[in-house]
Amino acid sequence: MLAEIKGLNEECGVFGIWGHQDAPQITYYGLHSLQHRGQEGAGIVTTDGEKLTSMKGLGLINEVFSNGKLNDISGKAAIGHVRYATAGGGGYENVQPLLFKSSSGSFALAHNGNLVNASQVKYQLEAQGSIFQTTSDTEVLAHLIKRSGHLDMKEAVKSALSVIKGAYAFLIMTETEMMVALDPNGLRPLSIGVLGDAYVVASETCAFDVIGAKYERDVQPGELLIINDEGIHSERFSMNINRSMCSMEYIYFSRPDSNIDGINVHTARKNLGKRLAVESEVDADVVTGVPDSSISAAIGFAELTGIPYELGLIKNRYVGRTFIQPSQALREQGVKMKLSAVRGVVEGKRVVMVDDSIVRGTTSRRIVTMLREAGAKEVHVRISSPPISNPCFYGIDTSTHEELIASNHTVEEIRQIIGADSLAFLSVEGLLEGIGRPYEGEFKGQCLACFTGRYPTEIYQDTVLPHEKA
Amino acid sequence: MLAEIKGLNEECGVFGIWGHQDAPQITYYGLHSLQHRGQEGAGIVTTDGEKLTSMKGLGLINEVFSNGKLNDISGKAAIGHVRYATAGGGGYENVQPLLFKSSSGSFALAHNGNLVNASQVKYQLEAQGSIFQTTSDTEVLAHLIKRSGHLDMKEAVKSALSVIKGAYAFLIMTETEMMVALDPNGLRPLSIGVLGDAYVVASETCAFDVIGAKYERDVQPGELLIINDEGIHSERFSMNINRSMCSMEYIYFSRPDSNIDGINVHTARKNLGKRLAVESEVDADVVTGVPDSSISAAIGFAELTGIPYELGLIKNRYVGRTFIQPSQALREQGVKMKLSAVRGVVEGKRVVMVDDSIVRGTTSRRIVTMLREAGAKEVHVRISSPPISNPCFYGIDTSTHEELIASNHTVEEIRQIIGADSLAFLSVEGLLEGIGRPYEGEFKGQCLACFTGRYPTEIYQDTVLPHEKA
Amino acid sequence: MLAEIKGLNEECGVFGIWGHQDAPQITYYGLHSLQHRGQEGAGIVTTDGEKLTSMKGLGLINEVFSNGKLNDISGKAAIGHVRYATAGGGGYENVQPLLFKSSSGSFALAHNGNLVNASQVKYQLEAQGSIFQTTSDTEVLAHLIKRSGHLDMKEAVKSALSVIKGAYAFLIMTETEMMVALDPNGLRPLSIGVLGDAYVVASETCAFDVIGAKYERDVQPGELLIINDEGIHSERFSMNINRSMCSMEYIYFSRPDSNIDGINVHTARKNLGKRLAVESEVDADVVTGVPDSSISAAIGFAELTGIPYELGLIKNRYVGRTFIQPSQALREQGVKMKLSAVRGVVEGKRVVMVDDSIVRGTTSRRIVTMLREAGAKEVHVRISSPPISNPCFYGIDTSTHEELIASNHTVEEIRQIIGADSLAFLSVEGLLEGIGRPYEGEFKGQCLACFTGRYPTEIYQDTVLPHEKA
Amino acid sequence: MLAEIKGLNEECGVFGIWGHQDAPQITYYGLHSLQHRGQEGAGIVTTDGEKLTSMKGLGLINEVFSNGKLNDISGKAAIGHVRYATAGGGGYENVQPLLFKSSSGSFALAHNGNLVNASQVKYQLEAQGSIFQTTSDTEVLAHLIKRSGHLDMKEAVKSALSVIKGAYAFLIMTETEMMVALDPNGLRPLSIGVLGDAYVVASETCAFDVIGAKYERDVQPGELLIINDEGIHSERFSMNINRSMCSMEYIYFSRPDSNIDGINVHTARKNLGKRLAVESEVDADVVTGVPDSSISAAIGFAELTGIPYELGLIKNRYVGRTFIQPSQALREQGVKMKLSAVRGVVEGKRVVMVDDSIVRGTTSRRIVTMLREAGAKEVHVRISSPPISNPCFYGIDTSTHEELIASNHTVEEIRQIIGADSLAFLSVEGLLEGIGRPYEGEFKGQCLACFTGRYPTEIYQDTVLPHEKA
C-alpha cells in the first residue's frame, strides 16, 4: 500500500505563456523543444480569462495533439508539461498539468522536480479527509493550497510552498493569472523570456529560441512570480536560499542549445571533455562519443588532444517506441539496434570512447564489446563526470546504492567489468571548473550530491527514490 | 492519364536472406537499418519452401510490423523493402515487395532504382492485354517474366532484364530460390554477406553489421545471382558493363557506417570536407555541419583547417510524421522546429556552415537566416559536392532543370539568394579524389550526371522524373 | 461555473460479484447485458483481497476492453459500471467506477441514479477544502465517507448515505468487502443473485441469465448489504421508506427479459399494449411497433384486437456511433437511416403504430410521415404510457417543462402536430394495472412523477436536470 | 496451391447510381442499407466523367468511410460494394469494387454472386501470361474484357460474359458509363430505380426506400444495361434464359423490407410461417422466433394458430466485432451472449420455436437447451424451409455434404440431436406456394438446388465451394 500513496514526479519539462492569442499553439512548440525531458505524457491547460480547458494524454506531444486536436483548444494563456518515462509507473491520471476545479474557482499545476516530504504531507492530509486522485507529488501542493484557509490565491500558494521540501519548478494557472515558483535550492532550471508583449517561462532556454522569444533571466531560487494582464510581479517566498543547480542538467539532461545561468550546455560539455583530456590523456588514433549526449565532450576531448574526432558510433534514428526488440536468441546472434559501431572508422584503431556517465555499467560494457567486434584494437573509456555513487532524491532517475556500480566498485574494478583497456572519470574539481558557473563558494551553487553524498536539503527517512515509485 | 501509367520507383532499400530459421525477423532488423532509404512503406515476403507469405504496409517498418505482427510470419528465406516517401504518390498497392501468384507458381519482387524505359514497355504490354495493378516500375518486370515464354524462371528473368533500362537492384524470390540482379551500370549499391550458413544481400553494408553478418563482396554490374538450398550461383546477364555508382550515395544518401565498394561513407564524406577546405578555405571562428548528413564533412573541414568544430545547429529528434507544422502566421512569428541554431555557440562568431548539397536553395537560405538570427557575425557556406545542375533519372529525387537553382544561376547569384557572406562548392575533381574509388578511368566508375549532364545510359524521350510520378 | 460543479449521474447500469475466480470476466459479461443502460463509458474495478485495480474507458464495453485488455486484470471480486451517453457531457474522468486511494485504504464506487441535493453538499465540502476531480454525483458520496470521521467503513458509509437525497443504487468496494445500497424510495432496480458460491448484484436480472446465475431477490429500499468472504449481511440505513420504482423502467428502459419485483418486463409491456387496446381500440388493417422498445406493446395490442401484427417499421442494425449522418440536403432528398417503413406491409393499409412514449413529438411526427410516404392510408398512433408532462429528477433524461410536448399541449394538439389520424395515450390507471406490481397503495409502490408531477422525494431549488449537466 | 488461385465471391451487395451530384454519398447510404449482405469490407468507386477514384477498406461501411473520408470523394456517378465475411479469407486486395487502370482507359467492377467456372478460366488466362492480383472471381471478368480484342467496351463486356458461368450481378463502370449485367439464370436479385433524373441499381429494393428513390423494375436474367449521360439502354447478352431466383434470398438473406420480383420479403416469410403452421401444427402455449430472420415466420405461425406470439428469445444488440467471446470454461459455467431466452416468458410453457433453417444443427441444439434452462416445459421446433441437403455453388455459404446435417440424417434423427420435443420442416411445395412467385413452371422461376440437388447451371468438376476458398 505504501508505494501507492507516494509521489511520482521525476525529471520533466514545463512551459508557460501569458498574453498571446496563440498561447496553446506556442505552448505546443515550446513543449516540443522540451520533449527530451519527458516522453511519457504531455498536456496543455489554457485559460481564456474565464475558464480553464485541459487537453492531455500519454505519449509524445505530437501524438497527444495529433489530428488537429490543438485546434479545439484556444486561450490567451497556457501552461504545459512533458512527463518523463518511468518503468512501470504513470498512467493517464498522472499526466500533467493537473486541473483542479471547484465552485470557488479552478487552477492547474505543472511541476518539474521531486518533493522529498510528499509522503509525510500526504499522510497528514488524508488523515484529515482529503482524497487524492493521483500518485503525483503535485497533488500535495493542490490540497495544501485548498486547505490553506487563505482566500487570496497568492497567499494560499505561499502558505503551501512553506510546507513542501525538495526540488521543484512549479507553474500554477488560474483563470486570471499564472504563478511561477522555484524551490529555495534552485535545483531545477527555469527561465523567463518575452515574446512580443507576452511573458514566457520554460524549463530550458531552447524553448525560447524555437518560438522566437527573447530570454530575460533565470528564475531565482525561492522566487515566486505572479503574471497577469497587469504585468509581472516578483517576490520571495523563502529566505532560506541555498543555490544548488543539478549538475546532471549540464552533464547530460539539458539540450546542448540551452543555456543555464548564462552558460551554454554544449560549451560546458565541450569544456568537460577538454578538462577530461587534461586529466587523463591517452595515446590513441580516434576519439568518438556515445551519441547524443556525449558528442560535445568528445569534440572537446579531440580538440584538446589533437586526436581526430570521428563518428565511430552511430545512433539509429528510427528506434521508436513501437520498435520490436530482438529476442534473446537474436541478440545472441548479434542483432543490435540502437547503436552501431562504424567498422570503417574503428577497425584496427586505438579508440577513445567518451561517455557522459556510468550508472550501472551494463551499457558501457555493451558499447565496448561492440567497438571491439567492429575491429577496435584498444578501447579507452573516458567519462566526462565523476563516479555516481549516491542516489538522487531530486528527480534524476539514477538508482539505489546497490545498483550504482560506482558505489560498490573502484575505478579499476569498473574498468574490468566493462572490459576497457583504460578508464578514467573526470574529477569533481574538473567538473566545477569545466562548467564554470558564475557563483561563489566551494560548489559554485551546484548540487553534487550524487557524486559526494552531501545533499543540499534535509532527506526524510522514507523519501522515495524516483525509480521505486508507482 | 499518362501520368498514372508511369512508373514509380525511387531511392529505396532492399534486403534478402536465404537459409535462416529466423529469416523474417532478421529481415526486419536488416530493413530497419535501411530505414533512412525510405520511410513511406515497408514489406516482407517470406518463403517456407512451399508458399510465399507477404506482409506490408504504409509507414515506418516498426509501425508496419507493430504489435507482434511479425510473429505471424515465418520462413527460411525472406526479401524485404523500404520505400521512399514521395510527395503525393504511392499508396498501399505500390508498397513492395510485390507478390505475384499464379497457378504455375508465385514470385515476389523488391526493387531499388528507377527504370528509364518503363512507360514504353508498359504501353506495349497493355496493348497486348496485360492489366497493371500498380504504378510501380517493378510490375513491368513481373509482366515481362510472365510473358517471356520461358518455363525456367532463370531464363524468364534474364529475358525480362534484357528489355529494361535504367538503374535497378532487384531481389526476386520464388518458393524455392532467390535471385539478385544489378543493372549493367551498377548505379545502385548492393552487397552480399553471410550469416552462419545463410546468404544475405542488402542495399548497404550497415545492414550486415546490425544483424551480425559478415560482408563478402559488392554485387557486380550486370550480375545475376541465384541463391537456393544448393548454394549460390553467379552469372552475367549483360556484357555491356559500364560501372557508374551514384555519387549521391556517398555524398548524402547512404548511412555513414556503410561501405560502398570498400570505401566507408563517413570517411569519404570527411575527405570531401577536407578537400573542400583545401579548395576554399576561409578565416572563421567555428565550423558547423547541417545535421545529419553533413556532420562528417564538417568534421573533416574543421580537422584540416584547425577551426573548432561545434554543434552550431541542432536537429530536433522528435519531429515525427504526426508533428503539427506551425501555421504560416506562427512561422512568421519565428516558430521553427526541425533545426535550431545554437545561440551560445554562434553568437558573435564567424561561422563556416558545411552542407552536402544545394538543390533549390530554400533550405540553405533558411539556415543562413537562422544562424544570423542567433547572432552569427558572418556565415560562410561550404558545399561538399559540385553544383547540381541536371535532373537525375535513376531514382534520386532532385528536380527538374527549372527547379535546380544551380542550373539557372551562377555561384555568386546563389550566394546572394541564400544570403551567405561567401559560398563555395567542391569541384568535380575534388569529389572524385575525395571519395577515391578504386577504379580506373576518368570518372572512377562513378555517375556524375547530375553535375555534368553526361548520363551513363540512354535517356528516353518521355522518361519520367521521379518527382513527377503518381 | 455553477454548471461545472453540479452532478452528472443519469440512468446507468451497475454489476458486482464477490467470491469468484473469474470475477472480472463475469463482470464484463454482466455489464455487457446491461449495455442498453449506458453506452458512453464502462469500467471495472477488481480486488484480489489486497489491492484494487481499475480499468475503464469511453465507449462501449467491448471497445473499452478490446484486444485482450481484460487479461491484464484479475481478482476474486469486482464491480462494474456502464454509463449513459449524454449530449455534451462526460469525459474520461467521469467514467465509473470511481477509485479513491489513500494511505488508510482504498475504495471504489459505482452509481446508478441521480442525487437531488448533490450541488448543495458539494458546495459545503469544497468550502471545507475538499477537491473534486469529477463532475459526478458519486464523488460527493466518496468525500462524505472520507470525512465522516468513522474509522469503520460501514459506519462511514451509513453516515454518508444519511446526507444524500434522490435516486441511487450504489456499489462500494474496498479491498476486503463489497457494499450495496439502494435509496429509501427504491427508485432504481437492483437485484441479488448467486453464482455457485459467489454473490452477484446487478441493475437488471437479465445479467443473471447471461452469466448463468440464480436470481435471489430484489434489494429493498433503504437496505445496505455488506458482502465479504464471511458471507452476506443486511441492514437498514433508513427508516423512512417510501417504495417508488420508476415506471419508465417497465415502459422502455429495462430489457424485456429482465424482471423487476418479480414482473417480467416484456410481459408488463404486452399487458400495457392490451390495456391500451381496451382503452382506445381502432378499426385498422395492421399493427406495428416502433422498434425495439415498443414491440412488446404492439404484440399485446394486436393479440387483444385480432388485427395482424406486422413488421411495418424496420430498424437498421448497423447504425453505429461512427455512422455518418446524411447532410440536411440529403435528408431533404429523402435519405433516412435508422428506421425504414416497409412499403410492402403498409401500402394501402390502415396502420396502428404503437409507441411507448412521446417526449418532444419530433420522432413521432417523423415516423408518421415515413409511414404515409410508404403508402399507409391511415396512421393511428397509440402510446403505451400516459402523457409525460413533468421533468424527471431521478436520472431519466426526459426534458424540461418547455420541451415536453405534453406539458403544453392537449392530446388533440399533439395529434395535429404529429400528423396522425388518431392518437391515444394509456391512462395512469391502465399503466398501474397493466404492470400489476404486487404492492399495496394507490400507486403500487411506483413513481409516476413524470405523469403526475407528484415527486416521491423533496426537490431542491437548484436541483439540476440530467440534460442540463456537464 | 490450387486453393489460392480459386475464386472468392460469395453473397454480397452492390449499388450503383448514374447522374447525381451527390453520387458517392448516395452510394454510401445505399450500401449501408445492404450492410446485412456483407460486413467484411466495403468500397466505392466514383467517376467525375474523366477519372475513376476508389476508396475502400476492411470492415463495416461506416468504419471504412469514418471521419469524413467520404468528403474526399466526389463524382456524378458511383458504384459500391459490401463484402460478405468469410472465415479466414479475404484481405484488403479482395475488397471491391476492383479498379483496373490502363493507358487506354480504366474500369471498375463490383460483383455479387459466385462463378462456377472461374478456376478453369483463370488457369487458361495465366497460361497466356496474365497476372492475377486477387483471389476474386471478379478479376477473371476483367482479364476477359481486356483480352477480348474488342475496342468497344460494350462488345468487350458481352464477349467476356459469354465465357463465364454461374451466379452474378455485375456493375461495371468506366469514366463515361455504367453497365449492369445479371446472369442468365437470374440467381441473384438486382433492381433498377430512379432518383430524380438519376438511375440507381441495387441488390435489394430496401436501398431505394432509404435514399428516397422510386423502384422501376427488377433486372432481367441475361440482361445487359448501359447507362450514361444519354440515358439507359438495354439488351440481351444471352438467349439461354432459365429464371432461377435463389430461394434463400426470401428465406433468410434479404431484408424484410425488400421486395424481390414484386414480393415483399417479410410477407413471404410470414406466409411461410402460416404454411408451416398448416403443415405441422402443434399444441403449445407460446410461439417465439429466433431473431432476427425468423421473426416474420413466427408471427405468421402465431397468427394462423392463434397461439400467442412472444419475445421468448432476445438478441443482444451490442455483440459487435470486438466483443470478447467467453472462454470455454466460462461457457460451461453458463455465460451466453448473443441470444437470451426470456425466463419470464417461457418458464413452465410449451414453446414453439420457429427458425428459418437448420444447417449443421449446432445452433438449434444450443437454442433448445437455452429455452429448457429458462424453464420451457416443451420445445417444438418448426423450420420455415425444407431440409438443406445439398451444397450451394452460387454464393450462399452453407456447407459441404458432410457438414449439412440434413444430408446425413432423417428428421427424427435431427430432432434427437437438437433435443426438441418435436421437429418439422416446411415442404418444398409449401415453400413455393408460401412465397408465391408470379412465374410459370414447376419451380416458379426459383432455385431449389440446396433442397433438391437439381442445379440450374452446369457444375464443373473442381468448382469451389464458397467456404473452401482463400
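Chains: A, B, C and D, in written order; residue numbering restarts at 1 for each.
One rule holds for everything that comes next: a residue touches a chain if its C-beta (ideal position, glycine included) is under 8 Å from a C-beta of that chain, and two chains touch if they have at least 3 such contacts.
The shown structure was predicted, so the numbers you read here are calculated from the model rather than taken from an experiment.
With every chain reduced to the mean of its CA atoms, the largest distance from chain C is reached by B.
Once the centre of each chain is set as its mean CA position, chain A and chain D turn out to be 61 Å apart.
Centres computed as Cα averages put chain C at a distance of 37 Å from chain D.
In whole angstrom, the spacing between the mean C-alpha positions of chain A and chain C is 49.
Looking at chain A, one finds that none of its residues touch two or more other chains. Viewed as a network of touching protein chains, the structure reduces to one closed ring of chains, two contacts apiece.
Contact between chains, using the touch rule, shows up for A-B, A-C, B-D, C-D. Within the complex, the chain B residues that touch chain D are 1-2, 4-5, 51, 92-93, 100-105, 122-123, 126-127, 129-133, 142-143, 146-147.
Listing the residues of chain C that touch chain D in their complex gives 22, 25-26, 28-29, 32-33, 35-36, 39, 60-63, 65-68, 70, 195, 206, 209-212, 255-257, 259, 263-267, 270, 292, 295-296, 299, 303, 308-311, 314, 316-320, 322-324, 326-327, 329-330, 333-337, 340-345, 374.
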